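Quick one: this structure, given as structure tokens, is what I'll be asking you about.
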Amino acid sequence: MPKIGIVGGTGYTGVELLRLLAAHGGVDLSLITSRSEAGRPVADLFPNLRGHLDIRFSQPEPGRLAACDLVFFATPNGTAMKLVPELLAAGTRVIDLAADFRIQEIPVWEQWYGMAHACPELVAEAVYGLPETNREQIRAARLVANPGCYPTAATLGLLPLVEQGLVALDGLVADCKSGVSGAGRGASVGMLMGEVGESFKAYAVPGHRHLPEIRQNLARAAGAAVDLTFVPHLLPMIRGIHATLYARLTGEADLQALYRDRYASEPFVDVLPEGSHPETRSVRGANHCRIAVHRPQGGDTVVILSVIDNLVKGAAGQAVQNMNLMLGLDERMGLDQVALLP
Amino acid sequence: MPKIGIVGGTGYTGVELLRLLAAHGGVDLSLITSRSEAGRPVADLFPNLRGHLDIRFSQPEPGRLAACDLVFFATPNGTAMKLVPELLAAGTRVIDLAADFRIQEIPVWEQWYGMAHACPELVAEAVYGLPETNREQIRAARLVANPGCYPTAATLGLLPLVEQGLVALDGLVADCKSGVSGAGRGASVGMLMGEVGESFKAYAVPGHRHLPEIRQNLARAAGAAVDLTFVPHLLPMIRGIHATLYARLTGEADLQALYRDRYASEPFVDVLPEGSHPETRSVRGANHCRIAVHRPQGGDTVVILSVIDNLVKGAAGQAVQNMNLMLGLDERMGLDQVALLP
Amino acid sequence: MPKIGIVGGTGYTGVELLRLLAAHGGVDLSLITSRSEAGRPVADLFPNLRGHLDIRFSQPEPGRLAACDLVFFATPNGTAMKLVPELLAAGTRVIDLAADFRIQEIPVWEQWYGMAHACPELVAEAVYGLPETNREQIRAARLVANPGCYPTAATLGLLPLVEQGLVALDGLVADCKSGVSGAGRGASVGMLMGEVGESFKAYAVPGHRHLPEIRQNLARAAGAAVDLTFVPHLLPMIRGIHATLYARLTGEADLQALYRDRYASEPFVDVLPEGSHPETRSVRGANHCRIAVHRPQGGDTVVILSVIDNLVKGAAGQAVQNMNLMLGLDERMGLDQVALLP
Amino acid sequence: MPKIGIVGGTGYTGVELLRLLAAHGGVDLSLITSRSEAGRPVADLFPNLRGHLDIRFSQPEPGRLAACDLVFFATPNGTAMKLVPELLAAGTRVIDLAADFRIQEIPVWEQWYGMAHACPELVAEAVYGLPETNREQIRAARLVANPGCYPTAATLGLLPLVEQGLVALDGLVADCKSGVSGAGRGASVGMLMGEVGESFKAYAVPGHRHLPEIRQNLARAAGAAVDLTFVPHLLPMIRGIHATLYARLTGEADLQALYRDRYASEPFVDVLPEGSHPETRSVRGANHCRIAVHRPQGGDTVVILSVIDNLVKGAAGQAVQNMNLMLGLDERMGLDQVALLP
């Protein structure tokens, strides 16, 4: 079985990768690194893994990582780009769950992420890991940039309309709401339950790093620049993203059929019946994106509702989906969990 | 002191009215009716009132209600309109917290609320109880239609722009999120904690009853019809509404100054400093609406963030504010609570 | 593959059975009945099942149920006892997730459940479905009484101490806390999120139906009557039970070794290392019971912490575990989910 | 009006003190210090205070503090004891909301708090600020040790039984549950919403610092040593403590009358009718402790349910109550808020 490594497995994306890989069956998770927790059994930090995964965190050593067939980076932005060149050179393939390789325009990336890119020469080679648009390139890729959580929900929601040129490309609105696990497992006052429980707010309205990523995705699909307003909000719950997307129709179409057909062969995109309102809990722990399309009062404004679990289709699940494609496995392998409801 | 009655005090709007009136100091709460709970001490149903309010629910009797100076209706839609004519005739003034008198066009009301109006002749007389637009009319009114929760948050957020003609009147978007207390205290599967906890969804996207109310408010302010898309969502928390409002600018203005000046003398509208993101908890239990204005990346789309407590400024608090105006009391009387944070 | 039926699948226990059986692999779920939802696809009511389960609710028909090899009753108390005799007579085996067959003393059952028992002659035959005490009898049983959620957590927590006679049998205390899903999916004011969110309370302190069940379990283990005080509480969350159990030691023992040895071969009971504090989330969606044993300050009072997911080990998961035993399948089949954390 | 200072007002206890003092009316809040936030308006950090409190954090300067009539310490344990001697010497009275002066036996305090006491000579003078037991001493005190949150709920719940010698003093159990605000506003992984939301656990079972405080309180009331097991738990909510207390009766008494009479003249202790189950939300934001007494099945075990808001009666509210007593004001001044329900 292919040997898999994980760099930086102590965050929420890391434990979710562990949950999925522990039950995957087609790969051998042989290495998980963490400087701070080296030597500690992963099931000690994450007791849900007791009885499922008997492995310890280890110090990151390039040699051991290079001995893997594929390595996931579940690290903060800016970490993967320093280590990836060496791994690729050693023949190890890489999926980066952070943002280092998502943005094709280096100056744009450097502006939004506030640092110089350490290996700009690899950015053009990196494949954006959204299987619904890039499946074949992912299969062959050495380096996959796993999409952001908001960009996954927003892009899948708007894609059929934008691809078909049915909506105005200016004035798009993505009003997105995320559970707190999207902010990660780092200590911070702002994410204490006492601060974010029983309350709701928008954040980063002047500009959020996922904005250029969503724009890039939609521009590719449209073949033209798009103007989109993106407002993220923080939900008083743990898992789930709900994107409420607004666009002005410029042509006529059977929207329900458009979405149904676009995603007919996609294993992880579920177009709901007309009139539906997807709940984030319907994808809790599952790799699905569920989408509903509305045209209120028959007007010009189309409203798309798109939900994912930010840690699954928005991060670790999509990474496993990409890994399956890269390794020639069934794309759905290890991703057949039924969402936990209630 | 003026004698006050409440019809239908067993819901969340009712208990919130009781909380505010118990500590008001300027009125005498002499009567609260409930068919189902008649004879029961209100503090038995709502133990937060123990020690603060020594009164029992009683059967609704028109005579006793008519002996009040002012009566609040905290009843389901369609109840107040049957009783109001008799009370007004007896000289009792009325504040309806439900929707019976909010919409001026009777056919529109009958279409959205699914019933015939019982006293259409009083609708024109009814004053829409938003003090920030109708303060003087409220002072003199016999009958006040207390605004809906979403319409309060959305209208206050968009008002300055619409009044000044600074935005396109088509393509307005109100993406609104409400805590579960907005759905009331009636038994239903859909509002069980097991159904709505740790999850998030939109609802009523094809059309919600507050849509014509918001449109009416904005049309009055604009002096022209407006086209607005309104999408309500349900938050996994109890109190609070967050309206995220999108509009396309058609002219130039200092938006921060516009809002600051518009609400400079309003006791319950708080325009936050530039760059702010109001949290719903900052108004929990308080009668304030807090607003922030953004223009992301200096583009044409303005984003307004507007938060209220749906049970206070969105219902009972605004009703007390209206009562104060009608009775010639200080508008802020009994409404000086500091929001509960955390 | 064995044919399986479910009577009454519209509650939380029902949807959890569906989640587990949809991914089981060793049985054929051929029938699920519901009077109120007959004809409706189950995935329409429970959208987490979309793509996983293509079956509709049907009217309960004894003939079709009797054609199953095994039938689960996920019905209110008092329903199964009316239908079980006919099914057993037809050779269909039964697991009742309700309480009809849990209490061996008929008068005790009738007192606590407030109705006459419809088939008292079957109660003695029914096997109490706690594999950790009754594994062999379950394998052979025609009729299994699936344990209650609180009794599962409390019994597994106290069992080693009581079996070994190490604690006083009077003065036992079971202070238990449950998520709201334990109250089921029926419409009620008391379980609205507006009522139970952000709050905590005890309930049924004068007496809860699970008290005689816990006492019966412990008395069997002790071979003597036990006196136990049971106080259930309602947590503002959806899934999970935490039992905090107090007993006075009457002898000396290595408590950690006692628990470790008692459950060494149990696939679904996990004794945590000394000093641990199990979190309910460590079993969310999983069939495990995790237990920690404490003896604060070396005193005479032993404190056991025992957590389960009330819908899994406390209901549907344990029922599947029992089904596996009855059908001669691997006891762990379909129950290998890693708990969802965070 | 008396001049009041607060040292360390950036935590949850601090903002709650500010909420209560902003609306108090009988004192002049003239100074609030914070090293980290000096210069910043308090309403900038805590936007619920906008419009209510126009004051900035300042650097702690002994001279300015000594100019106050009374100073609250809302600081971590170990801070107040370093500054109090100088303030008392200057004639300034002090209420310490931390634990520095709660435990009379210095070695016990030093053992549990892990540091040497900086002014042991003042400990004997310090008055334990539980008005229900020490009202007269508080009035005259220079230095008040404001009780801990758990000790307040547990002590008020057990006091009548222990004072009257009606229960065994060994084998007492205090199973206590607290909302997350009790852990303060410091950045930590363990209190992230992603860690503590939708989950429940016990903590510090081997020993919690509030144990010696509860024991001291009960021993004073009993006139003899008591043996109590205290298990704190963390609730997935923000405010509220629920103490479930177990004791074995050694004599007969009318328990309901005992509690009613003991607290008849207490403005902030509310004994509920027989059979009640207090909810924490019934005291959210209020200074009340609500108590219910049960004797399940008429047995020997008495179960007391005691709820407080940990930030009000468990911290800032009780501190204001003590301040009122010390300053000769009405004990209830500024503490008449109705709890926020729902």
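The letters A, B, C and D name the chains in turn, as written, and every chain counts its residues from 1.
Note that contacts are C-beta pairs under 8 Å (C-beta built on N, C-alpha and C of every residue); 3 or more make two chains touch, one makes a residue touch a chain.
This structure is a prediction, so every number in the text was calculated from the model and none was measured.
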item: Label of the chain whose CA centroid is most distant from the centroid of subunit C; value: B
item: Higher-contact pair (C-beta pairs counted), B-D versus B-C; value: B-D
item: Whole-Å separation of chain centres (CA-atom averages), subunit B against subunit C; value: 45
item: Distance from subunit D to subunit C - Cα centre to Cα centre, in angstrom; value: 39
item: Between subunit D and subunit B, distance of the C-alpha-averaged centres to the nearest whole Å; value: 36
item: Subunit A residues counted as touching two or more neighbouring chains; value: 12, 181, 185, 194-195, 197-198, 236-239, 278-279, 281, 284, 342
item: Residue ranges of subunit C touching subunit D (in the complex, touch as defined); value: 171, 173, 175, 177, 194-195, 197-203, 205-207, 227, 229-231, 233, 235-240, 242, 244, 246, 248, 275, 277-281, 284, 292, 294, 296-297, 299, 301, 303, 305, 307, 342
item: Subunit D partner contacts - residues on subunit A that touch it in the complex; value: 12, 180-181, 183, 185-189, 191-198, 236-238
item: Contact footprint of subunit B on subunit D as seen in their complex; value: 12, 15, 19, 22-23, 46-52, 181, 185, 197-198, 238-239, 270, 272, 278-279, 281-286, 288, 290, 311, 336-342
